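Got a structure for you, questions after.
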Amino acid sequence: MMASIAKLSLWAGYLLVLLALPQFFDSILSISIFNQMAIAIIFALSYNMLLGQGGMLSFGHAVYFGLGGFLAVHTLILIENGSVYFSIIFIPLVGGIFGLLAAIFIGSFSTRKAGTVFAMISLGIGELIAASSLIFVSFFGGEAGVSGDRTFGPLFFGVDFAQDLEIYYLAAIWVFIATVFMYLFTQTPAGRMANAVRDNPERAEFIGYSARRVRFISFCASGLFAGIAGGLFALNYEFITEENLNAATSGRVLLMAYIGGLGYFIGPIIGAVVLTLMNSLLSNYSELWLLYLGVLFLLTVMFLPRGFAGLIMMHQVAWLRGTLRRLALPYLITGIPAFIFILASIAMIELSHTDGEVFHYLGVSLERGSSIDWMLIGGIAIAAFLATRKSLQQLKDAWEDANTLPGDEDS
Amino acid sequence: MGILTLTAVHKNFGETEIIRGVSLDIEQGEKHAIIGPNGAGKSTLFHLISGLHRVTTGTITFKQNEIQNKTPYEVSRLGLTRSFQVTNIFARMNVFENVRCALLWSSGYRYSFWHLLGSQGEINDRAMEVLDQIGLKNKALFPAGELAYAQQRALELGIAIAGGAELIMLDEPVAGMSHSEASNAVDLIRRVTAGKTLIMVEHDMNIVFDLADRISVLVYGEIIASDKPENIRANSRVQEAYLGEVGSNA
Amino acid sequence: MIKIKLFSKFNSLLICTLLCLGNISQAQEPVRIAFMDPLSGTFASIGTSGLKQIQFAADYLFNSRGGILGGRMIEIVPLDNKQSPTETQLQFRRAVSEGLQIIFQGNSSAVANTLSTTISRFNRRNPGKEVLQINYSAVDPILTEDNCSFWHFRFDAHAVMKLNVLTDYIAMNKDIKSMYIIGQDYSFGHVVADTAIRLLNEKRPDIEIVGSEFHPIGQVKDFTPYVTKIVSSGADAVITGNYGADMVSLARSIIDSGLDIPIYTFYAAYDGITATLGIDGKDRIHLIHNETSNPIPTERRKEYIRAFKARNPNNDVTQPRLANALSMVVAAMEKASSTDPYDIAIALEDMRFTTLGGEEIWMRGEDHQIFQSLHVSVHTDEGIEFDADNSGFGLRSIYHVPAEETIVETSCQMRRPRR
Amino acid sequence: MLEVFIFATLNGLVTGLLLFMLASGLTLIFSMMGVLNFAHASFYMLGAYFAYSISLTMGFWLGLIFAPLIVGVLGAMVERYGLRRVHKSGHVAELVFTFGAAFLIEESIQFFWGPATKNYRSPDILDFPLFTLFGQEFSAYRGFMIFISMAIFIVLFRVLTHSRIGIIIQAAITHPHTVANLGHNVPLIFMGVFGVGTALAGLAGVIAGPVLTTFPGMAAVLGSIVFVIVVIGGLGSLAGAFIASLLIGLLQSYAIASSVGMPDLLDLLGVSFEADHPLNDLWTVTLPQIAPILPFLLLVLVLIFRPTGLLGKREE
């Protein structure tokens, strides 16, 4: 009983945060970032249904997102022409249904095997559809894409969705609904068997389930939600192009889900939020942000195989035991030099890449030609690196200390 | 006619014939052991019965259904379950989920995505019962992959029996266990298969003679004898082909 | 040396210095103009080169001379759209969020199209907060024809105008009896192919079109198979609208095959392409563009280029029209004494303006299309005063068409907002 | 027509052999380590860029020697300090790691060399037509490309069939799990194979750079095609990779050389459509237009009907 109340309040909190965000950040830019996040969250969660829950590594998930989006835009055009008549709040559903149909068709032959074979089929289909989208211009609109106006449908309680803020509230509702349903899916027999098939498809067959059928169901569900995300994209930007179904978009959703943490339901949400923020904020400050993103991604794969969510969940034991506080100081001792090291490294990278002779960084002007400047930041970087390395041991000890039960020290 | 009948089953892998005309009839409720030297084809026979491999020729009948062309999941749905030589569980799920998944099909949930398992009291209770039976109740929320070896084997047995199958096939259920673990496992097997039909492959002759009602000896893809334990022990062909060598080091 | 500065953005530093130099006692709000083009990713070299040019134009032409509108500085705000229509949407919202109302954008007609649609919608829904699009380089004719918009001004000749001049030039060459057209499989590539065929049929019916081929953008590893087809077709010349790596690979394959025929292009110069083509492209690569590269007609423009090179030794003034566009926008602001997009747009319509090159150009009010002289140039190292990529090679203009002869009809039926 | 056919064949051969040089390294790595190296084409790109930089001061030929070595050492380091750490998290993590590595290498190349196209040129000594046929020249450099690729193929084949390490590798191709039990220094072999595989990719980059243009997108253009080849050929099969490389090289070359398309097919069937038909794009599509996507079509078909590929034995 307590558990379910806790769970319900968690969901209520989620909804509240979603709806309250624009109260605190109300610029057009932040609304635009929130809309982006909303789309990314649904998309990344749907990707996690495939990879995290079902063990299917896809390099072509954007296909369902994009196809859903294209159908959604074409529906907007139909509404504008007066061919169909319904409120645009249902547009994401249109995208979802088309994503589902596409997934049913492609899943019918691609889900026979998981692993490398599935990954390669997904790659092939992704490339095929992305390339075809540039050839079949009448539907995909070539590289300029297709565009539709969202304000022509019947008013929804007097709202015509001309402003991004209105779309945000609609998106927030859709994100909430989609998140709830995707979470509930994990609690159903089909969702549980997806985990079982991921872990051991052979064994799953001997408890009565066709691994292929189980994968197929996850695949379709994932296509449905990817399509919903695509429909939401169409509503938000009122256009869609082939770049929304190509390999780069597929790669980005993989990045999101992976950095966030595949094993956890909340992981992709974290990933979507972090990457969206990086994309929209970091790219303003540095042309090299993709380089930093690549480094971040590789470091995550290497050192945090369970992503950011995994990093957070690692602290569960210490949290439950009430020893989390003991970690604060050690984290600070390692964190400060590590942070300085990162800042100094970035300074060196940016300085070597700057166009002018002078580079302004954190209130300091660095000169590109000055070897003193170079030696100074280089020295700071090396010192900070050594300090970080040296402090790692105390962090490890503190970690052991916080995570070991008093009884099993000697075991 | 018994619960499971094999008639002139052959299996070729390319040129080589692994199973060379096996016929076998297993009665309802029987505890049947298949023994034989390494490479005799015991595991292949298991794979054929459970649908993992297709037979080359011959028929396999389970409860009046011909199953030689059926897939593992179709066979499994008819009430035939098996374990594996190498531990085969759902490693990243917890122990409780492992057992509950095994219960799903027989409880009629099929591929449902409209039932929420958390609110299905009956299946959760039954999963706990099974956990109780196999002695893993206190490990219910443990990730299965982190259990000790013997516990993983017990869990595998739990998965195998959870679906309420009538015929249970165990492939070397105590391999790799210590003496005490093995005897615990035998007790467990006896308990959970009470009233059901059991077919097992096992190398440990003490356990075979302890558990089985009837023993078939498989040598080079053929059954050279199928009889009560005491008769098998006395059979000269079996001794010559197999028991002699194994018996000495068993 | 490390110096502590109050300003973190280098723009602000620059403006500060200039303000102090100009002895303006009270600091006025700068006029902020967005420059939206790819500044990272595959197309970054073109975008960053454009950014340097517009920044230089703002500083050299206006800020160093006391600013505009009675002492206000121009601040160029770079926005990186990665040449992606999606990213353009995000950057547009950023621009609006930061109160930027004039957006310079040039690369990719796809981006220009979506930006134009987005701006039209936004301006209709948000009266009083309008945004103006200054298109300095996207040449899809549709932008000033069927999809023309009151809020969009184009400062480059569109593809049909350019092809008109190019085919005139080709028509004069009696040696050319057959033509091969190859292009990227997207709207601009198709416009080039369709228009070139139509115009050549009109002007030189005897020229046989021996092939018209489309290949996917950025997907072709090796152009040799295409070149084999060109060779076996017996073509005397090639027209292509390719850009970027597709342009270089195609030209290199043609040269490698030993095929000695002229190649007529739109984008085969600068940003590494001239250096890559080098001696192999000499006298073969022809380019249709506005404003001559060599010889430069006026001393003022020569000075401008030298000053630019002094500040950006690794870049070239690849797009003189950026300076034209900025100058005309400023002139419109001065004329209207306002930075309001509507007022600027009205002032820009039918404006005539004399460029650094001493030529009068005209912004037609009917469709917001610029008219200026167009030139066909050849890639060479002879008679090159201003080379490209510091390679010694550059463009020498060999055929000129004055502005009034480039004027074409438009199908634009502009919807004008009421004030 | 004959000339088109002959040149299409030669072009297909050049592309096919070049693809094989990449695919062979990828296959070696996959056979030994079970890792499909997504970053393989990125090492090819690195090869071209290193060779370009070396050729600026020391000439093409030293670049041909040193660039692949540098790439190989870099590859070995990626294995040693990156991939090995990820290995324990499973195959998906490894695949994702190489995916990330590809991303990072492309960004790094833009960082160090800039985004513009590089003027990497073939050596002057090979700057003459090898032969002229029907008025078309076949450049000596292309002949050189064929020569190098064939030489690599023969050397690789000899090493695999006649040397000790080759026999171990062969064993690994068919019995991946047993090699570890033979007492060989498996981590060292892994590192070596990864180094050699990436060096091969680097070599391909060195010789392809002058012809296929050295620019930051060159890996992306080739990357997925190489994947397609190893999968179509059959994962882990060198012979399969060889056949598939040539198949794809020739297929694309012939498709481009042809000029047939849907309009011809419709003519043949006596069907015609209005120009404003909603599927007009489909009715006007031609073979050269879709040539670059043919490999992917082939990939999907092969995977559906023969998941093990042409000559493959292992699925995973």
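First chain written, first letter: the chains are A, B, C and D, and each begins at residue 1.
As a working rule, a residue touches a chain if its C-beta (ideal position, glycine included) is under 8 Å from a C-beta of that chain, and two chains touch if they have at least 3 such contacts.
Everything numeric here is computed off the predicted structure, so don't read it as measured data.
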Chain D reached from chain B - shortest hop count over touching chains: 2
Chain nearest the global centroid, as defined over all protein CA atoms shown: A
Centroid comparison with chain A (C-alpha atoms), farthest chain: B
Chain centre separation in whole Å, for chain D relative to chain C (CA means): 36
Cα-centroid distance, chain A relative to chain D, in whole angstrom: 31
Where chain B and chain C are represented by their mean Cα positions, the distance between them in whole Å: 75
Chain C residues counted as touching two or more neighbouring chains: 41, 44, 185, 216, 219
Sequence positions of chain D contacting 2 or more other chains: 110, 289, 292-293
Shared-contact residues (touching 2 or more other chains) in chain B: none
Every chain pair meeting the contact rule: A-B, A-C, A-D, C-D
Parts of chain A lying in touch with chain D, wherever the complex brings them together: 51, 55, 57, 109-110, 112-113, 115-117, 119-121, 123-125, 127-128, 131-132, 135-139, 247, 251, 254-255, 258, 288, 290-291, 293-295, 297-298, 301-302, 305, 349, 353
Footprint of chain B on chain A - complex, ascending: 184-185, 187-193, 195-196, 198-200, 202-210, 213-214, 217, 221, 263
Residue numbers on chain D that touch chain A, as the complex places them: 36, 82, 85-86, 89, 91-93, 95-97, 99-101, 103-104, 107-108, 110-111, 224, 227-228, 231, 235, 278-282, 285, 289-290, 292-293, 296-297, 299-300, 303-304, 307, 315-316
Contact set on chain B toward chain A in their complex: 50-52, 71-73, 76-77, 81-82, 84, 88-93, 97-98, 100-102, 104-106, 109-118, 159-160, 162-163
Footprint of chain A on chain C - complex, ascending: 1-10, 13, 39-41, 44, 48, 52, 80, 84-86, 89-90, 93-94, 96-98, 108-110, 113-114, 117-118, 121, 125, 185-187, 216-217, 219, 312
